[in-house]
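Pasting the structures in now, so scroll down.
One chain, chain A, links the two complexes that follow: it is found with chain B in the first and with chain C in the second.
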Partner chain A sequence: MNRQILSREGWIRLAVIVAFTAAFEALCRFGFIPSTVVLPPTDMAASLWHILRTGEYNKDIISTISNVVASALISVTLGFVLGVILHTMPRLRATIEPLLASYYAVPTFIFYPVFIVVFGVSSRAIIAIAVLLSVVAMIESTLVGLDRIPRVLHKTAAIYRMSTPARAVLIDFPAAAPRLFTGIKLAFAYAFIGVIASEFILSAQGIGYAIAYAYNNFDNRNMYGLMLLVILLATSANTALDTIDRHMQSRVRVTR
Partner chain B sequence: MTEPESIHARLTGVTRVFELSSGATLRALGPIDLDIRRGEFFGVVGPSGCGKSTLLDILAGLSRPTEGSVLFEDKPIKGVPDGVGVVFQEDASFAWLTVQDNVAFGLRRAGFDAAEIERRVEYAVGFMGLRDFANAYPSQLSGGMRQRVCIARTLVLRPRLILLDEPFGALDQQTRLLMGEELLRLWRETGATVMLITHALDEAAMLSDRVGVMSARPGRFIDFIETAWPRERDSRIISDPRFGAITSRLWDNLRVESLKTMGTTIQKASP
Partner chain C sequence: MKRTGDSLLLILGILATWQVLYWVAGDIALTSPASTAVHLWKLLGTARFWENAAETARAFTFAVGISLVGGVALGVMLGVNRTSGVVSEPILIAFYSLPKVTLYPLVLLCFGLGMSAKVAFGAMHGLIPVTIFTMKAIMQIKPVLWRTAHAMRLTARQSALTIALPAVLPEVIAGARLGFSLTLLGVLIGEMFASQRGLGFMIMSAMGLGDIATIMAIAVFLSAFAIAANALLLWLNRAVPR
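Now for the complex of A and B:
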């Protein structure tokens, strides 16, 4: 099949990124931006390559990735279960939903002293903050997904004389899947932000901690290499999830 | 009432009252007394909101009547009975399954063996003109084709009573006529009893052996028109002189009832 590697918009987007990076490189190389402030992108890439090749920060990278994956998994599972519970209990939902709506107005990180007291300076405290930050996105997506299952599909399930568990597995969850996946995508993004940000303040390891450490020691080279690594990890993961998300969304019809 | 041995479904004194959130009640349907004959193609027309879909839900076992009894094959309906298939007005295809998996869905649920599923699905998909789209997903199909998927999914289970709730409502006139022809062909081949709810008088007149006209809410049957068409018929029947007489009689009845509905709406809308 003759499939295009990139759409026209994709090529334009790529061209913009390349042009911006080249301009940034030029500004750094010609001294408009001092290297003591920001490294040229090629130096950042070289630093990242060095970091990956030497394995100097492998422990931190593994720690961050495992914390992100653990936080995302907990958020997705917990958010999904809580979403289903709220969906089946309209009165409880009516009570809680206004609180969920204003949830992201509260800066979750203010609770970090509480988590340190409860969990100590450890991965558990980081995961707790990341879960706190990401779980509500999954709850909201689960509620939206279940709300938007067309009523006619429930009637169809009744015609097939399905039990509630059979309907849930064969009709409800597949029908809600595109919106549930949007929740997974958001939960992952929030978990990533939560973990990196928490590592700055309540950790002795992880990429966030390593960036803060490098910054405090005027180690620009490693700091920018690690920052580039964070950007690449976040955008690659998000691009992969977004590709799946768009594929699933394309199955949701306009008519529904 | 019809002879007992030829009755496939019988509704006696059926009413349906809904309780509104304000605490008031709304009488949506009835009382309805109706016999549907075995193998009959029975059409139902009525003004908007007269309870046609409520009637279908009751007959399908999706909703219980407030009063009265409903029998299917001489047994009272408690829940969805075996042998009943429903095609809804809305698109009920499963977006996450291909056309052939949609069609096979009920067969798999019913535990048919793989060879039988394949045989029935292949036939139904071909019969509904979907062979070239067997591996497509519903989002890749037009509205008419998706409705055909739903019809095929219902028919592969070989229901003895097929209930259709405005299945062609979203289609253009030409497609409706052709889909109507396909429906007649299916009805002849399967020998099933069909109840078709429709807004379109020409559709009801062309497809049905008998058309029931419902009143404005609460819906009751105010007229039954025997079309007396031959079993072998298609959309060309619309050029028959009697076709005009049938649709004219349907409209005479329906016009009065529709005006009642509109009058109520206008009165309510007025300050």
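Now for the complex of A and C:
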């Protein structure tokens, strides 16, 4: 068991990030980068602290987070159900497979204006495009998860004369769970990207909207504070999900 | 033969779903497949469409060039040393899954409005996956290959060309495929937010007019382009011997 807080590489990584931030700070402070372009990192942090303390953007932050969570939940549920259905129909699946394979090559986001026209400028349009972006990742993960269930487990279920529902709950679901989690992780990351991007392009509230608004008003202070907030939110959420994911994947390897 | 049949079936299925959606949602939400095709055909005959398409194509070409060349160079540099690879991988992955739109104002402030900002933003999307794939490919070259190169007394140039390149090529092409589509997305988002030219701008101005037919026609055009490019790169990926 490795009880060190950080590995050697971890320390180097931390040093690289700190050095980069310090160099950035120095370049800004000594005037090589004008403050009209980029704020020094410490000022960004101060601005973020101010934003969180005064709560002036709380409405936007809550709106973004609830849209991300709603989109991710819809994608995970819908993707799981569609994945299970497709898995039971190999013929349909073989036909649809090329669509799934090239889905992420299409810049789906260009369909956002269609949803704007349909739903108006609202959370519904944002959630619709975020679901469209993230649902396919969940479908794919569900299919892979169900494909990779070791055949011996199905034989075991047959020996125990399990009914289909019992097999699904006791064997299939736990066996596919690590892959399903990868799907959840991806769905969340795509939903976050989708929500922020649509807020940024056109919406009435949300962090993305607030950043675009601040940009249009030359309000660099709030803009960089909010930017830092998005970076921190996305990085910490993704890192947390990724850590759990790696843990689950490594357990799969051990049991096999 | 069966695969061609399947693809035809898939296209028919998509068109049928689209038509049903059109019947359900009506004229304000969607245009039917047939009228979209007609509108696209009309659009393809206008000079305005091609001016904007050329603008997007120019920005995209530069951005893809930077993504591929820069990504491979960066990936090789980080990948040859195990420590630098292990150190940089999580940083690259964190940057990869970041909603990069948030950084667009930063790009705009650095590069100003116009072509260079679009190129920079597109390259920001495409560079990272190419780097990650190249780096991982280099790191995963089997040590026995290097020992063989050593035993055969190959020069650095020879081992790079005859050992490293063939070993990493499939991964690099896979990275290029991802980088290609993400760069396209980046350039289009860049045009949608702050631009006076390009297909992304055309979609946004059509949205302002509620001109759903133009949005759909351009979206279909771009999707067809992306799918065709993706199919070509997939084919290339399979053609390269592993």
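Simple rule for what comes next: the second predicted complex is superposed on the first by the 251 of 256 C-alpha atoms of A that agree within 3 Å, B and C clash if a C-alpha of one lies under 4 Å from a C-alpha of the other, contacts with A are read in each partner's own complex, and residues count from 1 in each chain.
Here, a contact is a pair of C-beta atoms (placed from the backbone, for glycine too) under 8 Å apart; a residue touches a chain by one contact, two chains touch by 3 or more.
Predicted model, so just to flag it, every value in this text is computed and none were measured.
Student: Considering only the touch criterion stated at the top, classify A:Ala26 as touching first (chain B), second (chain C), both, or neither.
Tutor: neither
Student: Scan A:Tyr160 for contacts with chain B and chain C and give back first, second, both or neither.
Tutor: first
Student: Which of the two partners, first being chain B and second being chain C, lies in contact with A:Leu6: first, second, both, or neither?
Tutor: So A:Leu6 meets neither chain B nor chain C here.
Student: For A:Ile85, decide between first (touching chain B), second (touching chain C), both and neither.
Tutor: Touch status of A:Ile85: no partner.
Student: Answer with first, second, both or neither: which of chain B and chain C does A:Ile17 touch in the superposed model?
Tutor: second
Student: Between chain C and chain B, which one touches more residues of chain A when both complexes sit on the common chain A?
Tutor: Comparing chain B with chain C, the partner touching more chain A residues is C.
Student: I'd like to know which partner A:Ala234 touches here: chain B for first, chain C for second, both or neither.
Tutor: A:Ala234 sits against chain C, while chain B stays out of touch.
Student: In the overlay, answer first, second, both or neither for which of chain B and chain C A:Val152 touches.
Tutor: After superposition on chain A, A:Val152 lies in contact with chain B alone.
Student: Which chain A residues come up in both lists, the one for chain B and the one for chain C?
Tutor: none
Student: Would you pull the chain A residues touching chain C in the complex into a rising list?
Tutor: Counting only chain A, the residues touching chain C are 8-9, 12-13, 16-17, 36-38, 94-96, 98-99, 101-102, 104-107, 109-111, 113-114, 116-118, 189, 192-193, 196-197, 200-202, 208, 211-212, 214-215, 223, 226-227, 230-231, 234-235, 238-239, 242.
Student: Can you name the residues of chain C that touch chain A in the complex?
Tutor: For this pair, the touching residues of chain C are 6-7, 9-10, 13-14, 25, 28-30, 83, 86-88, 90-91, 93-94, 97-106, 108-110, 177, 180-181, 184-185, 188-189, 192-193, 200, 203-204, 206-207, 210, 212, 215-216, 218-219, 222-223, 226-227, 229-231, 234.
Student: Of all residues in chain B, which touch chain A in the complex?
Tutor: Where chain B meets chain A, its residues are 57, 60, 62, 79-80, 84-86, 88, 90-92, 94-97, 105-106, 109, 137-139, 143, 170.
Student: Considering only the defined contacts, which chain A positions touch chain B in the complex?
Tutor: 150-153, 155-156, 158-162, 170-171, 174-175, 177, 250-253, 255-256
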